[in-house]
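Take a look at the structures listed below.
In what follows, subunit A forms one complex with subunit B and a second complex with subunit C.
Let's turn to the complex of A and B:
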């Protein structure tokens, strides 16, 4: 069953097209990673799903209703980003109490335990928190809300490495105990890919790839060898990336489908795996030129 | 065990291999119940769907069998199957790579055999 359906969803902001006829479906009780470059449309998509923004055109259904101005969606979808506007007159513990009043499945015990574990003070104000601390508090709020759908927009922004690790583990443990649908956006895929069931890659406001994580892990392979050999060999293959490494040596990333690996090895090319996060980087790269071309 | 997510081996394959090693070490005996996908997900902090994939591989290879509603169990022939598989696939694959590298370096068969003998002696020495 799908809990999210988008059909030809377009969002224009002035002359900028943030989403361009996007089509996606999200299955119930899956954890999906939403991956894309800055400005690809990740936040726009999540805000539309949360009912905060209205699309310019197209059809959106979240939990079978149009999310914009929907109370059902407000009560059952938690949207967490790093600019959460909590009222400045409330202390952290009052914010948690407000969360309990609003969300039917709110888990006070989980909220309190995480609150203590990450050593927050009940009387602190949200605006006085450091960036990492604010992200951590927002994460606690999002997990404790225990909504049918939880949308995390760059949840680990500003967190230090050990908090990130704790965040991953807390999220997974709570998901195992209370399966629900989660969409997590990030540009750091490698930090969260183990949590994911599916990956949704978007580029220029359009869906590029929506596959189980293991498909992405096996999506491409790297070939290293003498330049003329590699370049000649990959001409009839789907090349995602090439780079000259050292004198007369070329590294090429090609789609692994239908590549005779044994043949490549016999010809003297080195075959290496390409991690899921690198695949996403190559897929979402601009088609022409790199940073070096700016300085020409 | 530490999982590698650099793409060298899919996580579900690493999970399957970890269970195989546990069986070879005798931590899971024939007809023992192995960990559920949820337990594995918790142990390794991975998505339960990924863990389930690892278990499915082992079921397909008849290393595990399912009891409806109870979970997955080690088959009586699991140990032998794993040993055969590692010998015929993993070890053979490694040897193919050794042979390829030896050819590139023009190392002959007798020299290679000598090197292999030294390696084995070293391991036997460490075990004693």
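Let's turn to the complex of A and C:
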């Protein structure tokens, strides 16, 4: 069963096209990683799914209803980002109490335990929290709300490495105990990789790839060898990335589908796997030029 | 996991209670303004003097007019304030839709008007007390109002404050539609004040319609009817608004 369906969803903001006829379907009880470069449309997509923004055109269904202005969607979708401005008249513990009143499945025990574990002070104000602390608090809020669909928009922003690890573990444990649908957007996949089941890569407001993580792990291979040989050999293949790695040595990443690996090895090329996060980086790169070209 | 279902009524009730906490700050400014108005009223809001020969009479007027005036200004800006981004977004951190958020806000404006109207009327006793302490005992010995008069006065004050509050809420909601309106609307309103001829028959009949009504319940119906229209218009303009930008 799909809990999210988007059909030809376009969102224009002024003259900028944030989403461009996007089609996606998200299955119930999966954790999907939403991967894309800055400005690819990740936040726009999540805000539309949460019912906060309206698409310019196209059809969106979340939990089988149009999310915009829908009470059902608001009550069952938590949208967590780093710009949650809780009112200054409420302390952190009062915010959690308010959450309990609004969300029917709210888990007070989990909220309290995580609150204590990350050593928050009950009388603190949300505005006085540092960036990483605020992100951690928002994450607690999002997990404790225990909504049917939880959308995390770059949840680990500002968190230090150990909190990120804790965050991943907390999320995974709670997901296993109470399966639900989660979409987590991020631009660095490596730290999320262990969590995710599916990966949705978007680029320039269009879906590029939506596959289980295992497919992405085997999506491409790296070939290293003499430049002329590698460049000549990959001309008829789908090249994602090439780089000169040394004197007369070239590294090329090609789509692994239909590549005769044995032959490549016989020709003297080194074949290496390409991690899922690198695949995403190469896929979302602009096709021509890199940062080096700016300084030429 | 079971879906979290909540009826509109329950949700509005929850949001309304939440607003008393989240918007508590607006009452600080109300108290500050009313205290300021009481201080301004301490010397009397008006004075006339007359003398014949060796007798001179000075008349000082004491009233809560200043306090009510200040409270109306507060009601206007408070309503605009709660339509602004940061206040509006409070709702969208929890469960809401535009209808329930507006309904809860409207209930809050109603209640805040009652609180503000009552404190404004009751400030009359503070003004009397200040005069008494200063030795002006004559004022406090004047004929007290009958209970009916007192209630009519308090109710009318609340209605005026509510009316101004509803107007502020509509203006605030319209301004939120596009950021250029932040400039356009105040300029248009101020320009209107300068250019418009307030002696124009339309204005005079409108003024009479609202403020020269001698039958109290008719006056109350007119104000309440207008307030509901203003709120309905606010809900209509903000129902398509995109939030948490």
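Here, the second predicted complex is superposed on the first by the 296 of 296 C-alpha atoms of A that agree within 3 Å, B and C clash if a C-alpha of one lies under 4 Å from a C-alpha of the other, contacts with A are read in each partner's own complex, and residues count from 1 in each chain.
We adopt the following convention: contacts are C-beta pairs under 8 Å (C-beta built on N, C-alpha and C of every residue); 3 or more make two chains touch, one makes a residue touch a chain.
Everything quoted here is computed from the prediction, not taken from an experiment.
Undergrad: When the two structures are superposed on subunit A, do subunit B and subunit C clash or fit side by side?
TA: Because the two structures are overlaid on the shared chain, the partners are seen to fit without clashing.
Undergrad: Mind working out whether A:148 is in touch with subunit B, subunit C, both or neither, as first, second, both or neither?
TA: After superposing on A, A:148 lies in contact with subunit C but is clear of subunit B.
Undergrad: Quick one: is A:103 in contact with subunit B, with subunit C, with both, or with neither? Answer first, second, both or neither.
TA: In the superposition, A:103 contacts subunit C only.
Undergrad: In degrees, to the nearest 10, note the angle that opens at the C-alpha centre of subunit A toward the centres of subunit B and subunit C.
TA: It is 150 degrees after superposition, to the nearest 10.
Undergrad: State whether subunit B or subunit C is in contact with more residues of subunit A in the superposed arrangement.
TA: Looking at subunit A, the partner in contact with more of its residues is C.
Undergrad: In the superposed arrangement, does A:5 touch subunit B (first), subunit C (second), both or neither?
TA: Once the two structures are laid over each other on A, A:5 reaches no partner at all.
Undergrad: In the superposed arrangement, does A:69 touch subunit B (first), subunit C (second), both or neither?
TA: The second partner, subunit C, only.
Undergrad: Which partner chains sit in contact with A:61 here, subunit B, subunit C, both or neither? Use first/second/both/neither.
TA: neither
Undergrad: Once the two complexes are aligned on their shared chain, state how close subunit B comes to subunit C by Cα atoms, in whole Å.
TA: Between subunit B and subunit C, the minimum C-alpha distance equals 17 Å.
Undergrad: Residue numbers of subunit A touching subunit B in their complex, please.
TA: Contact set of subunit A toward subunit B: 30-31, 168-169, 172-173, 176, 190, 193-197, 212-214, 217-218, 265-266, 268, 273-276, 278.
Undergrad: Show which residues of subunit A lie in contact with subunit C when the two form their complex.
TA: 47, 51-54, 63, 69-72, 74-76, 79, 81, 83-90, 94, 98-99, 101-105, 146-148, 178-180
Undergrad: Quick one: which bits of subunit C touch subunit A in the complex? Just the residue numbers, please.
TA: Residue positions touching the partner: 1-6, 8, 11, 14, 17-18, 21-25, 86-87, 89-90, 92-100, 239-240, 242-244.
Undergrad: Under the touch definition given earlier, write down the residues of subunit B that touch subunit A in their complex.
TA: Residues 3, 5-12, 38, 41-42, 44-50, 53, 100, 104 of subunit B touch subunit A in their complex.
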